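Take a look at the structures listed below.
Across the two complexes that follow, chain A remains constant while its partner is chain B and subsequently chain C.
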Partner chain A sequence: MLEGVLIYGFINSVLLVLVAMGFNLTFGISGVANFAYGALYIMAGFLCWGLLNSLGLPYWLAVAVSVAAIALLAGLLFRFVLLRVRGLVISEVIATFGVGLAILELFRYWGFIGFEYTLPVWLDASFDIGETVVDGQRLIMVAVGAGLTLFLWFFTRHSRIGRAFRGIAQDERTALTLGINADLTAAFAVAFGAGYAAMAALVILPLGTIAVNEGYNVLVNALAVCIVGGLGSTMGVIVAGFLIGYAQIFTATYGETHWMMIVSLAALLVILLVKPSGLFGKQKELEERI
Partner chain B sequence: MARRLERLDRGIKVRSDDVFALNSWREMLYIIAPRVLPVLLLLVLGLAATPYWQRVIMQACMIGLLAISWDLLASVGMVSLGQALFFGIGAYIAGILDHYAGLGPWLTIPIATVGGAALSTLLLLPVLRLRGIYFSMVTLIMPLMIERIIEATKIFGGTEGLSGLQPMPHALVEIIAAMAVVWVALFSFNRMMSSDYGLILKGINDNDRAVMSAGLNIYLYKAQALFLAAGVGAFAGAFVTHAYQFVGMPVFALDYSILPIAGAAVGGMGTMSGPLLGCFILVPLNELLRGLGGMRTVIYAVLLVVFTVGLPEGIFHFIKRKYTQFERWVEVEQ
Partner chain C sequence: MFQVSNLMVFYENALAVNELSLEVAEGQMVGIIGSNSAGKTTLLNTLSGLILDIQLKERRKGGEHITVLGTITYQGRDISLMPAYVRAREGIVLCRERHPVFGDSTVMENLRIAGYLKNRAQIKRGIDLAMELFPALKALTRRKAGLMSGGEQQMLAIGMALMVEPKLLFLDEPLLGLSPAMQQKVMDAVKKALKMANTTIVIAEQFARPILPVIHKGYVIENGMLTMTGTGEELMANPEIKSAYFGI
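Our next item is the complex of A and B:
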């Protein structure tokens, strides 16, 4: 029993980390809170589904094309919508929220609802870990989650664009004097975050159906994890993901499934009361906390 | 020759800006007409309309109240993405009081207004210490989570909600009360924002540290603004609950968050009148487009983006500019 809880808690935590990573990345670097995040996540799922079932592309190609397309779309969104209102918090928030809402509700209007909208699992097998049975897709999800986190770590330290990311995250003006194009880098950051969302979608969605409402859930989960962890902190996202992930599974097992949602809300409110900038929210503490 | 558009205040505006200089009916009319005409127009429309359209006007008033509440928060620097939180809390308090205790609308609505404001303020109090998008994030999350909690725990009627609540005494009372509250809220908040108190609130939005260094406790002011805004939202929720004699999970739905923001974006933010105007355009439009179903939300979302990014001025500011200023092309040397 406990073993199963620990294993599934771990899986649930990785899922939350995966879902929150892209949002956090975008915010940490460009300062744009991408409220269209959940919509991009769902869109990646439907796009991949369409490529598989309408065009008959091989699975791996469909995945690659979807991730690239979502990243490109997010980059264009930044260039043509967000760049015009950059720095105006109200407008940024409303614009991304509006775009996300339009995408999600358009899918709902077109009738993308039903059990036929599923992606095939990557690995159709199940494994025994001790006495617990875990299916292959969940293990792949954990592997991809770990891989993406490590990749992000290396990317932001050992690549030109990644270092530019950290540069404009720390001080945009100083970065400008060093020849870093802040707008371009921010556009990359938004695209990169959306790419992470698409990757997360494509490994998580095979576990269930692609549902429009999941887009809102993803956004809510990503926001909760990011706020608890401290916006813009990768370490914070990992710690908060595990905190909320395990707390949810523990409540679901030893308490009632109903209270899973309350756990996230409670974690959110407690963190805001005790340490408003989040567990690891140091870098931006002065800016966000008055 | 290059030209540029020059804008100058109209003479009548300059003369009538100062109350003491009013010396003709024309100048007085210039000031009074834009305030009285909409009130009269809405009254006539509301009384002459068919019962169906009366309901629509009532709804427009309630969404308008949510938009006023949104604008008040936004002008203190708190951008709410979840007006449904205030609306839903007010609606549920009124519904619960009526369903379990049998209090009529005359008691439940005031209790829900004050109680809902207090509860919402309490829930959001931890966020007030942070600025920027934290407030937007938490207000977006909360109604969605509360909806899920009600669904899961099946409290207060669960997914079915509470129905068979006591109706408003009379359709005429309903429409008149709705209008009266809208105008009272609009004019009193507008007056408040132009007083010293309102200046502090606007100061918090412009430069919170400057307000702090003036020795003012900005959390206190933010909490007060939140209380006022949440009270207006909760009133709308309680009112609609009694008008439809039903309260359920839909009161926390995104529609109630998105319509006021869309109204504010279309009408023009920052004046209270703009968002209200926007709602009086969007809500009837919503009824006319009923056949489109789910496409309507998409239209609002697109309108929202187009107006915030492309036409941030909004309709109200445009009308106001035409009313108070004249424009002419002047030639400029290059």
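Our next item is the complex of A and C:
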């Protein structure tokens, strides 16, 4: 029993980290709000589904095309929506949230609801870990999560564009005087984060159906993990992902399953009361000290 | 190499820079001396192109209406409408006032972010130059920039601006809030940078005393208007400057 809880807690934690990574990249590290995140996540699922079932593309090609298309779409979202309100954080949040809402509700309106909207699993096998049975898809998800996290950690520290992300998040004007094209960098951050969302969607969605409501949950979970961990900190996302991930599984196992939804929101509230900068927060740490 | 003619900047109806013309020759150190609210920062923001971004952001949020008139010429080209980040690529770099560093990043990260336009070898050279000009930074490479003293942050800010390998470097009040000893240190490093980094420097300051002895040419501005021009010695000998800035 406990072994199963620990293993599934681990998997659930990686899932949360995976979901939050792209959001962390855009909102945390680069300081650009993209609250259409959950909608883009779901859209990636439907797009891949369409490519598989309508066009009959091979699975790997459908995945690659979906990720690229979602990243591109997010780039366009930046160019035509975000750019107009860039610099006004509240407006950025409202505008992108509105777009996300529109996308998700359009899917619902068009009737994209039902059990036929599923993606095939990548690996149809199951493995025994001790006495617990774990399916192949979940193991793939853990591997992809670890890979994407490592890549992001490396990318934001050691690549030119990754450093530009940090620059524009902290002081856009100084970044401009150093020759960093802030708008282009921000567009790139949004597209990159959306690409991460799409990749997360395509490894996670085969575990269940592609449901419109999941888009809202993804956004809430991503937001909770990023804020509990501290905006901008990759390490924070990992730690917070594991905290909330295990807390959810423990709640579901030893409490009631329906309380699981509340865990991330409760964590969000507690951290905002106790330490608003988050566990590993860098962004607001200086202001809190003073 | 750099000319400004009839520059005027308005914030709504308030005139911040008035019919200002100046010229900077290659390899020189030029001073812009003026008290608080004389228009120094507005002038440098305009010369570096940052005002275009400020103007845009103000318009977006329905804030102040900023108007810029006049022409800025750099190496024979009109760059009046060139965005700040493009000017930086052309070698015109501004080090903003109040030591603008990326507070959440370490000193080393700051220098690397500043090396955005440069390749690996150039970044290494730039970091070496910063450490040579400001040996105090050597012990602080892993320190979070926002937690350093004002003087240390100023040293880092100048080091960051030099990472871009500027042909023309604007320093906005680099001595603001520094102790006299630290002011001297920063000025020594700026003098060294002029030679070592092979750059041209325009320095805006209200503290005339450490500046006037080192500049080739100085412009004194008051209320956005040019009131006096001359070499450093000429300005130091001027009785009005003496009474206004040296209290003699």
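Everything below uses one rule, namely that the second predicted complex is superposed on the first by the 280 of 290 C-alpha atoms of A that agree within 3 Å, B and C clash if a C-alpha of one lies under 4 Å from a C-alpha of the other, contacts with A are read in each partner's own complex, and residues count from 1 in each chain.
Keep in mind that, in the parts below, a contact is a pair of C-beta atoms (placed from the backbone, for glycine too) under 8 Å apart; a residue touches a chain by one contact, two chains touch by 3 or more.
In this text the structure is predicted, and so the values were computed from the model without any measurement.
Visitor: After lining both complexes up on chain A, report clash or fit for chain B versus chain C.
Guide: Pair status: fit.
Visitor: Does the superposition put A:Thr149 against chain B (first), chain C (second), both, or neither?
Guide: After superposition on chain A, A:Thr149 lies in contact with neither partner.
Visitor: Which partner does A:Val85 contact after superposing on A: first (chain B), second (chain C), both, neither?
Guide: Touch partners of A:Val85: chain B and chain C.
Visitor: After superposition on the shared chain, which partner residues are touched by A:Gly167: those of chain B (first), chain C (second), both, or neither?
Guide: second
Visitor: Roughly how many degrees, to the nearest 10, is the angle at chain A when you join its Cα centre to the Cα centres of chain B and chain C?
Guide: 80
Visitor: Between chain B (first) and chain C (second), which does A:Ala95 come into contact with in this model arrangement: first, second, both, or neither?
Guide: The first partner, chain B, only.
Visitor: By the touch definition at the top of the document, which applies to A:Thr118: first (chain B), second (chain C), both, or neither?
Guide: So A:Thr118 meets neither chain B nor chain C here.
Visitor: Name the chain, either chain B or chain C, that contacts more residues of chain A.
Guide: With both complexes superposed on chain A, more residues of chain A are touched by B.
Visitor: Check whether A:Thr253 is in contact with chain B, with chain C, with both or with neither, and answer first, second, both or neither.
Guide: It touches nothing on chain B or chain C.
Visitor: Touching A:Thr209 in the superposition: chain B (first), chain C (second), both, neither?
Guide: Neither partner.
Visitor: Smallest separation in Å between any Cα of chain B and any Cα of chain C in the superposed model?
Guide: Once the two complexes are overlaid, chain B and chain C approach no closer than 10 Å between C-alpha atoms.
Visitor: Need the overlap of the two footprints on chain A, from chain B and from chain C, as residue ranges.
Guide: Dual-contact residues (chain A): 84-85.
Visitor: Under the touch definition given earlier, write down the residues of chain B that touch chain A in their complex.
Guide: Those in contact with chain A are residues 74, 79, 81, 123, 126-127, 129-134, 136-138, 140-142, 144-145, 148-149, 152-153, 208-209, 212, 218, 254, 258, 261, 265, 269, 293-295, 297-298, 300-302, 304-305, 308-309, 312.
Visitor: Could you pull out which chain C residues touch chain A in their complex?
Guide: 48, 50, 53-54, 57, 60-61, 83-85, 88-89, 93-96, 100-105, 109, 112-114, 116-117, 146-147, 160-161, 163-164
Visitor: So in the complex, the part of chain A that touches chain C is made up of which residues?
Guide: Where chain A meets chain C, its residues are 84-88, 160, 163-164, 166-167, 170-182, 232, 282-283, 285-286.
Visitor: Spell out the residues on chain A that touch chain B in their complex, using ranges where they run on.
Guide: Interface residues on the chain A side: 33, 35, 81, 84-85, 89-91, 93-95, 97-99, 101-102, 105-106, 108-109, 216, 219-220, 223-224, 226-227, 231, 257-262, 264-265, 268-269, 272-273, 276-277, 287-290.
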